[in-house]
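So that we are looking at the same thing, I have put the structure below in structure tokens.
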Amino acid sequence: MGELLVEMTGISKSFPGVHALDDAQFELRAGEVHALVGENGAGKSTLMKVLCGIYARDAGVIRVKGVEAYPATPKAAQDLGIAIIHQELNLMGHLTVAQNIFIGREPHRGLLLDEKALNRKATELFEELHILLDPRVRVSRLAVAQQQMVEIAKAFSYNSDVLIMDEPTAALTDTEIDELFRITRTLRDRGHGIVHISHRLEELRQISDRVTVMRDGRYINTVVTAETNIQQIISMMVGRTIFEAAPELPEDPSQEVVLEVRNLNRGRQVRDVSFQLRRGEILGVAGLVGAGRTEVMRAVFAADKPESGQVLINGQPVAIKNPGDAVRHGIAYLSEDRKRYGLALGMDVELNIVLASMRRFMSRFGWMHARAARAQALKLVETLAIKTPGIGQRVKNLSGGNQQKVVIAKWLTADTDILIFDEPTRGIDVGAKSEIYRLLNDLARRGKAVIMISSELPEILRMSHRILVMCEGRITGELSAAEATQERIMTLATQRQSVATAGPETSTAMSVGAN
Amino acid sequence: MQTTTASTSRIRTLATGESVQRLLALGALVILLVFFSIIAPNFATLENYRNILTATASNGLLATGVTFAIITGGIDLSIGTGTAFTSVAMGIVAVNWGLPLPLGLLAGLASGGLVGLINGTLIAKAKLPPFIATLGMLYVTLGMAQVLSDVHPIYFTDPQPALQDFFMGKPIAGIPNIVWVMFGGAAVAWVLLNKTVLGRYTFAIGSNEEATRLSGVNVDRWKIAVYVVGGVFVGLAGIVLAARSASAQPSQGMGYELNAIAAAVIGGTSLAGGEGSIVGTLIGAFLISTLGTGLSVDNVPQQFQYVITGLVVIGAVWLDIFRRRSRA
Amino acid sequence: MKLTRILGLAATAAIAASACSGAAASPSAAPASQAAASQPAASSGTGAASAYTPPTDGGAAKGKTIAIVSKGEQHAFWQAVKKGALDEAAKLGVNVTYQGPANETMVNDQLQMLQNALTNNPAAVCFAALDSKAAGDLLNQAKSKNIPVVGFDSGVDSTIPVTTVATDNIAAAGLAAKKLAALIGDSGKVAVIVHDQTSQTGITRRDGFVAEMKNHPNIQIVSIQYGAGDHQKSADLAKGIMTANPDLKGFFGANEGSIDGVLDALKETGNTGKIVAVGYDSGQQQLDAINSGAEAGAITQNPIGIGAKCVDAAVDAVNGKTLPKTIDTGFFWYDKTNINNPEIQAVLYK
């Protein structure tokens, strides 16, 4: 490994209400691929955005090639030789490949652009990197992997010493990943330093020289990839978090199955998903961001049309063609994005509570049964302890936790038997969280069937009677409350198909560890 | 990695995207011309084709100019009443002050550029939505035209007869010079849009403004430039309008912006940004004036002309959306 | 809009007349005999015969097309002009096309309409210019194609039109003076509120009124004031005149805004019905005042006549007849007694 390209020490960064980075550190040398790993929200992307001039640090020292440097804009970082390839690609779809790569640096003759020279330069660049791409094709016509190549070529064309790739493999197929790694190695062998942010632990051995682990915005450790194994990395990622109380209710297998999903498919995000849900249970769905958990539930709810698969309610196959059908069959979906999908923010609490069951509160001629609606709203505000000055209060003026309760009240009013909660505690403060937990337990105790998607492992472990773990659109494992640990969930959540050839039933932490 | 050869990609580019819209618009134009030639007795005459060209001149220029703003994902509503402002500016310099006509023309172009500069600054620097900024400037330009002229038309007839004599003169093929001004302006616009950095960034901003900014392009400055270009074309349109009536009309132009935007949209420019072409816009402008002239020559009452023009605009945008959806 | 037009017209020394709000003058003092002859309920000016006799037959123009490009198509006034033209065309066996811009600022749009009309090679063109100086280029085109042009309503600042069909404001204002004189017993003090002293309509209506009053030696015009056609300002001026002349017997308001101001002033000072008010054009307030007796009566122009006469003139031009330089289209005196006559109702607007 070569000279020290980047050295970050004592980096802290706060956003309102969140301590995103706390005394984090990182170093990158020329000629290495340095993987940066951690759970969702561990601070990997934030740390790299500080390096790239997208965020300003609150504290800490950054040295680039030994010189203190604090780029204030992406352009300044670029001038220092630092380029980032974002998870969401930053390309101009209407322009061609070559036009994208050299945007801002177009060769011209006099006042006019020299398109020939532009395409020639792009061709030379692709030859150097052994990328097969036509520089004259519009970027919007390329596959995601090809677009990523364009981004890499663009970053390379700036003569960047430091190339940061944020989750570059997230959307790629295996062959595409091989190609990406080949180019990554080419760049490394030429002496570039590459930061590889990833969730996919098994690819670390393939591509990285060193691994830095982060957790909760803090630096945990940096290890040489060849001298470690995935189990060690996973335990560094999850740490030794002390769990709160175990699930309040034991799983009761004797209860009848109210919802069964068989062989559901939709694109890459929902692949052959089958599971059962019983009355009175809370089924946790764990997985990393992008594992397809939300997509599965949206497909069940017909918010997105599944390509194939069957849904059975109380043992009977049902045709759910749109969310309206789903509601009629007693399924409620409580979106993770409450504000966009779950609530009419400008309307009052009362209206939001009766919104999904309007028919019950309407007379034949479209008049609202105001008294009945009012009574229902008042009852639920009391039962759920929604903190609001009154049911006439606009929902947007409530806190996150109370907004979530209004959503729950809405579906309780609709009297649905199956409630799917997608990240029910996201953006809710700790005090309100435990109230939501209490509510979920209450619902299960009253015989409702609850699915809870969550990215917070402690939450999954605390609440679920049973846990499904997903990775890349597939269910990679099912754990009972008794067998579940953070490590086991993490192992299943990072179990990519290429590794888990034996299938979900037999794939265990051991088989991954042996890889 | 998939490789795409240059030739196939070019065929694909030709067969998709805005070029299809352009072909559709061109097809519609041809169909309209044939249709009117059959049903309207005086339509298929050389004179009428010249008339259509003449009728297109001012709208063609406005539409060409606004195409830039629309490609960036913006809009410019001030171009219609902007013509009142720029032609009054011309009149003040060339008539009220009695300066030579070329200076008057220059004042027309410069005042247009000034309106564009204000539009661009409001949008790029003050971060006003383009719709709001230019809506405001619609009223400001109209008001300023009336204030500066004291709501009197300024007549060029006497002191500056050369304005009408030259621009409405017909040295080539019996076509008035304002038509050649339009074609010349469009040619310049085509070069700007397709062969210069300005055009490249116009598309880039409309395609993905944030990505363009992150690539180190000074997006604000280029946005301002785009509106200035549009403003200069307003100045050209102002000259054309003043030449036709031999006067600067301080109350003209309300509604012209909508005709121009319609022309651009019919020609395949996407209001979502990133797509558009000068050729398409010109075809759109010709389509609108062919429709107007044809219906008028065929004695279709005006109220029906409005209805039909509206349906054409809706049809064009619907086709655009339909095409997008089928491609996605 | 109105202001633009009036100022625009003021810039020209030519004939100008206006649609609904104000009218302008024709130098000829041709009286409104047509109105008197065809509408017994209406009273006309001097009663002398018009210099122009309309054709009774299309002649060589039969089956040919006359293109009319007016100032508008949407307003009641212009609808009436259109109706007059279409009826007359049917009578004479000619075809008529009628076009007008959406509002009276659209000078260039109107020019395009004229251009379209010329492209169609009509037998004749009738043109009511929004801006009488802006159409020179197209008029030359018409001349080179030997298409006769008839100016109407406000005329065209050019020698090309074979005639101009418009309201004779001098005569019309004279009739207003005569009526007012009769209503106050041919003696006493009267005052005039005019919209302005620069526009053709303001000047000709004022002068027509003053000229007629010279025939009534016992009547004294104590004041002529200019209120910009604004209610409020006209009312203030009228009040001032009443204060200075407590024995005032009559008012003439030369356009809608002026007479509305006079009516307001009479009401506020309790003089309604005591001082005789005579107005011009129509409008809701004026119509109400005439119905209630607060206003004695008013002059209205004749849009149907304008439409009919311009078709007549066009037909004559096609047939090679010599036309007078201007053709008066007639006007009406209307008061409580005839306001509900269909002929009068047809030319009033609210």
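Read from first to last, the chains carry the letters A, B and C; within each, the first residue is number 1.
Rule of thumb we're sticking to: a residue touches a chain if its C-beta (ideal position, glycine included) is under 8 Å from a C-beta of that chain, and two chains touch if they have at least 3 such contacts.
As the structure is a computational prediction, the values presented were derived from the model and not from experiment.
Peer 1: Quick check for you: compute each chain's CA centroid and the global CA centroid, then name the chain with the smallest gap between them.
Peer 2: Taking the mean of all protein C-alpha atoms as reference, the closest chain is B.
Peer 1: If we define chain centres by averaging CA atoms, which chain lands farthest from chain A? Would you check?
Peer 2: C
Peer 1: Report the inter-centroid distance (CA atoms only) between chain B and chain C in whole Å.
Peer 2: Centres of chain B and chain C (C-alpha means) sit 39 Å apart.
Peer 1: Distance-wise, how many Å sit between the C-alpha centres of chain A and chain C, to the nearest whole number?
Peer 2: So the centre of chain A lies 76 Å away from the centre of chain C.
Peer 1: Express in whole angstrom the distance between the two chain centres, defined as the mean CA positions of chain A and chain B.
Peer 2: The computed centroid separation for chain A versus chain B comes out at 46 Å.
Peer 1: I need the residues of chain A touching at least two other chains; which ones are they?
Peer 2: Residues of chain A touching two or more partner chains: there are none.
Peer 1: What residues of chain C sit close enough to touch chain B in their complex?
Peer 2: Per the stated touch rule, the residues are 1, 3-4, 7-8, 11, 73, 97, 99-100, 102, 105-108, 111-113, 115-117, 119-121, 131, 133-137.
Peer 1: Please give the residue numbers of chain A that touch chain B in the complex, ascending.
Peer 2: Spelled out, the residues of chain A in touch with chain B are 74-75, 78, 90-95, 99, 103-104, 106, 108, 111-113, 131-134, 136-138, 141, 143, 145-146, 149, 154, 176, 179.
Peer 1: Which of the residues in chain B end up touching chain C in this complex?
Peer 2: Within the complex, chain B contacts chain C at residues 42, 45, 47-48, 51, 54-55, 58, 150-153, 155, 157, 164, 168, 241, 244-247, 249-252, 254-255, 292-293, 296-297, 299, 302.
Peer 1: Note which residues of chain B are touching chain A in the complex, please.
Peer 2: Residues of chain B touching chain A: 1-6, 9-10, 12-13, 17, 191, 195-197, 199-201, 203-204, 206-208, 210-212, 214-217, 274-275.
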